[in-house]
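Two complexes are shown next, each including chain A; its partner changes from chain B in the first to chain C in the second.
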Partner chain A sequence: MDIHADMDMDGFNEARAARRARLRALSAALRYLMLFTVGLVMLYPLIWLVGASFKTNAEIFSGAGFIPRHPTLDGYIEGWRTSTPYTFGRFFWNSFLIILPKVIGTAISCTMAAYAFARFDFPLKKVLFTSVIAILLLPNVVTRIPQYMLFRDLGWLDSFLPLWVPSAFAGDAFFVFMLVQFLRSLPADMEEAARVDGANSLQTLVYIVVPMLAPALISVCLFQFMWTMNDFLGPLIYLSSVEKYPVSLALKLSIDTTEAFEWNRILAMSVLTITPALVIFFAAQRYFIEGISAGGVKG
Partner chain B sequence: MARVQLRNLEKVYGGTVKAVHGIDLDIADGEFMVFVGPSGCAKSTTLRMVAGLEEITGGEVLIGGQRVNDLAPGKRSIAMVFQNYALYPHMKVRGNLAFGLKIAGRKKPEIEAAIAEVARILEIEPLLDRLPKQLSGGQAQRVALGRALIKKPGVFLFDEPLSNLDAKLRASMRVRITELHRRLKAEGLSSTVIYVTHDQTEAMTMGDRICVMQAGRIMQVATPKELYEHPANLFVAGFIGSPEMNLLDGRIEGGDFVIGGQRTPLGPKVTDRLSDLPAEAVLGIRPQHLGLAQSGLAARLTNAEFMGHEVYLHADLEGRPIVAVVGAAQYEALGRAERIHLRPEPEHIHVFDKSGGGNVSLRPSRLAA
Partner chain C sequence: MKSQRALGLAYLTPYVVGLLVFTMIPFVASLYLSFTKYDLMSAPKWVGFDNFVKLFTRDRTFWKSLNVTLLYVFLTVPLKLAFALFIAAILNYRLRFINFFRTAFYVPSILGGSIAIAVLWRYIFASEGLANMALDLVGLGPVDWFGDPGNALFTITLLRCWQFGSAMVIFLAALQSIDKSLYEAARIDGASQTRIFFAITLPLLTPVIFFNLIMQMVQAFQEFNGPYIITQGGPLKATYLLPLYIYEEAFKKFNMGYASAIAWVLFVIITVLTLVAFWSSKKWVYYAGDKRS
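And now, the complex of A and B:
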């Protein structure tokens, strides 16, 4: 009797487990469908942009679909030539010449500033850190004019210098703040171990802190890269000769100079413009997730 | 030679909070000195001042006769093992071991040889190419030990190095560290150790001498045996020994100690000096020195903990809790009795001054030592 009762119980439990598994599968399917739909809505403009860059000008406004009926590379070929004496490659090069020193300078200067704020005591530290926060809250536009006057007096107008030199001296309070916060979350034990091992402050920074800071530092570089790539106002204010335009200005150039806009050229060059940012973002994405400090400290 | 001397060492935080109150301590070359005390007693702060990781507010630290107050940690001929191991997470074990030597500008073959030797001593050869996150707690601790050992420092500083390990591993690491110390000493290498812990078992089993600290002051510095047998004050008496020493309030009358309405005779070492003793006092007797008897202090048994070959008897003596450790057979013989009689062994009785907390039953000569 007991055995039968047990078997009935088993059967009942199995049926219940099977039903639960089915429900779980269904709920997972619904969840994914939802995610997919929302994801598509968000990504559609980007997908359309890529599709439309292969369309003819006539086709672009004929429907909301993104698959070109008559695919053509005209947009890319004509767009690359531009309406100026330079190809689009020149503008990419200009962007590169601004971004490279800016990103490297930001990484080095912000790390040093953040290390000082997070780990050392020095006179006026509180006042200085408060001013960093204050700069963070200050709208950019407030400093535009004084900065312009300063760079004009330095004779830096129509050069790349105003675009990257401030950043190379830890001028971006946001990054300093971000790194300070990250450093504060790291235990100081490793740095103390390095000091006991005989390393001075700079050696500790280079050999111990920077590797641990890598995930945050990569985020800093990535943000700086993307913001600089997208920066429009800075180059617009400081650069006057077309030969020095970065891509953000060059894109606008093709809208200004032609009477009838060649939309497919603009779209094609837009695609090219966002490509480096996308590639770098996906390549570096792993580091956002990977916490390199895991495992070094227990407890 | 790596003798460590602390001279009136002080630490004040923020100008007002005094953490270390003028410590004087002499640690001989090759000595294994343990700093022990409850958390917040500034034992770690003191160690960190010796290491150079904490600024010294007052007094001085001498290592090998040289004043090191203003020397960077790397120049003090010390190595330190941290509680969380503090291994460099992005370097393999090999890199962790090599770092100090690389910074010191040693040649590559020399570094390789040193790594091989340390890895052999600590049996970490198979781990050399692993990252710290791929190590278990015990392995990480051995690597941390290796990182200290490879520098061949004058003084090893340990900051609660075993507190993150489980009990079994802790016991084996304890033995390993003690053996290592003995070995270094036998090989004639400098091997002064300052070891911070809050665990009295570690302190008692490892230290040549123990420095018991409380609230930034040294309570007593002595060998483990001396601390156990002749605690200098109430704090040390209560801190060292397991189960804790029974401390009973009462007063001295004639040659007896009176607790509530009961009397127990004091031993000759106390009665010799009755005139020096205060009337109000605290009697200290270790649970191991309380025996079951037909007569003596009458108490009510409240609980018995069976520990195998012995039993901890918890009893109530005139409203004061008291613990006695008796043999399992003696406990059996009690049957189900609730009233028991406990007799303190007179030669093991300590009498403490109620106001100052000092052990007044110690001979003055011993106190001076």
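And now, the complex of A and C:
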């Protein structure tokens, strides 16, 4: 009797386990199918963009496939030349000239602010840290007009200064916030030891804190690079001469000035303008994912 | 101790200067400007509430633009968050290639507000573009994505929902930090997957949902690149969001006073909605260690 019951139980358990395993396999398959479909929908537009940039203009709207039937570099050659006196190379150079000082200024000023918030006590600290959150939530739209007037009065219009300077004063509160959070999670033992050994606070910052902050700082630089590369409204408001245009404005210009049917030029230049961001993302994606998970990010 | 304080403030000096010069003073100045008439040529002229009276009583463009903006935000933010949460929940299972999928889904967000992507959208949703070809494959008729005022705004919403990656990464990080023993206990008690999701996962995610909600909302209210490049605010102002209106008043027509007034209305709307979110969060956001149940 007992033996029978045991055997029944075993059989029952086996059947149940098998059913559960089948269910699990089915649910996993469903999930993969879903992920794959979504992934395809997400990425196909980009794949199509790259393919279409090598197509002839006649072919671009003739089918949904991405492989060009008559591959051509015309789009790249003609698009690069642009309808302005400059080539696209000039616009890439301008973007670089905007990005580099902006990233450096951001890294230095935000590190200083984060160091102050995370490691020092001073009057009004609470209020000032609240202001970081307030700026984070403050819509730019409300300060844009007076900022424009300020830069006009300083004679900075049509230069890169309005794009550089606010960032050099830790204007991107999100980065300050992110670095403060990161620094607070690190123990101050090493800094104490350095101080005991006679290092002053600046030496401690440069030789101890900055190396520890490195992963977060890399995230900051990468995000600032990306956002500046994609920034359109800033240059649109402040830059008026074509010779200073970054790629985002140049691309808009080429839409406005290219013949209506020269699609492949615009697509080819679109591919080029997103390439730096993509390359950097794939080279350093760990820092992006960690950066967002740590602080939450717009975008 | 005293030198400590001085040092702290010294390191904070750039931030404080920036805060005053580039944020606080412009903030107050824009409030002042909203009560003036100012064309950049002559000095601002105080006009009291004239700008606001005009906005609310005579400016039909403003009402249209406000309508469209609210519609856009209330459409885009929930759709984007729901989609991001849905995908994050699927990714959260111990699947292989999870990193691959996470990366793939994040790529569109990297390109974010870039002009190239807005350009791509124009091509994909053109009347003979990729979207209509795909619809044709499944036997659905072509849709007039941009030409029809009823569709144009939704097409821009689609663009922003396509960029759900950063919200998803935040959700995923939160999902992975949920204590696994909670799930095991629920399973032993015989709870179904759906029940587990709504009774455990969702409550524990509320702080992150709240964070994403605020960030996405503030951002959606300031959408500019999409409608500016893709539809230029058209057709029939169906995508003429308030930031476009402010931009044109300020930097095309140089009505700085009037533009500031619109900016302040937008600011007040965002602030009120943010405060409502914070206030209501007491009722629906669950913080671990909280005594309330």
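Keep this in mind: the second predicted complex is superposed on the first by the 245 of 299 C-alpha atoms of A that agree within 3 Å, B and C clash if a C-alpha of one lies under 4 Å from a C-alpha of the other, contacts with A are read in each partner's own complex, and residues count from 1 in each chain.
FYI, contacts are C-beta pairs under 8 Å (C-beta built on N, C-alpha and C of every residue); 3 or more make two chains touch, one makes a residue touch a chain.
Please read all numbers here as calculations on a predicted model, not as lab measurements.
S.K.: Considering only the touch criterion stated at the top, classify A:V50 as touching first (chain B), second (chain C), both, or neither.
M.R.: neither
S.K.: Of the two partner chains, chain B (first) and chain C (second), which one does A:L161 touch, if any: first, second, both, or neither?
M.R.: neither
S.K.: Contacts for A:V196 in the overlay, against chain B (first) and chain C (second): which applies, first, second, both or neither?
M.R.: A:V196 sits against chain B, while chain C stays out of touch.
S.K.: Taking the superposition on A as described, I'd like to know which of chain B and chain C A:V242 touches: first, second, both or neither.
M.R.: neither
S.K.: Does chain C touch more residues of chain A than chain B does, or is it the other way round?
M.R.: Per-residue touch count on chain A favours C.
S.K.: Have a look at where A:P187 lands relative to chain B and chain C in the superposition and call it first, second, both or neither.
M.R.: In the superposed model, A:P187 contacts chain B only, not chain C.
S.K.: Following superposition on chain A, which residues of chain A contact chain B and also contact chain C?
M.R.: 292-293, 296-299
S.K.: Where on chain A does chain C make contact in their complex?
M.R.: Checking each residue of chain A against chain C gives 28, 31-32, 34-35, 38-39, 42-46, 48-49, 52, 60-61, 63-64, 109, 112-113, 115-117, 119-123, 125, 128, 131, 135, 137-150, 152, 165-166, 168-171, 176, 201, 205, 226-227, 229-233, 237, 248, 251-252, 255, 263, 266-267, 269-271, 273-274, 277-278, 281-282, 285, 288-289, 292-293, 296-299.
S.K.: So in the complex, the part of chain A that touches chain B is made up of which residues?
M.R.: The touching residues are 187, 189-190, 192-200, 203, 207-208, 211-212, 214, 292-299.
S.K.: Using the touch rule from the top, collect the residues of chain B that touch chain A in their complex.
M.R.: 51-53, 72-75, 78-80, 82-90, 99-100, 103-104, 131-135, 137, 140, 147, 151, 164
S.K.: Which of the residues in chain C come into contact with chain A in the complex?
M.R.: Going by the criterion above, the answer is residues 4-12, 14-19, 21-23, 25-27, 29-30, 33, 40, 87, 90-91, 93, 95, 101-117, 119-120, 123-124, 126, 128-130, 133-134, 137, 162-163, 165-166, 169-170, 172-173, 211-212, 214-215, 218-219, 221-222, 224-225, 228-229, 243, 246-247, 250-251, 256, 259-260, 263-264, 266-267, 270, 274.
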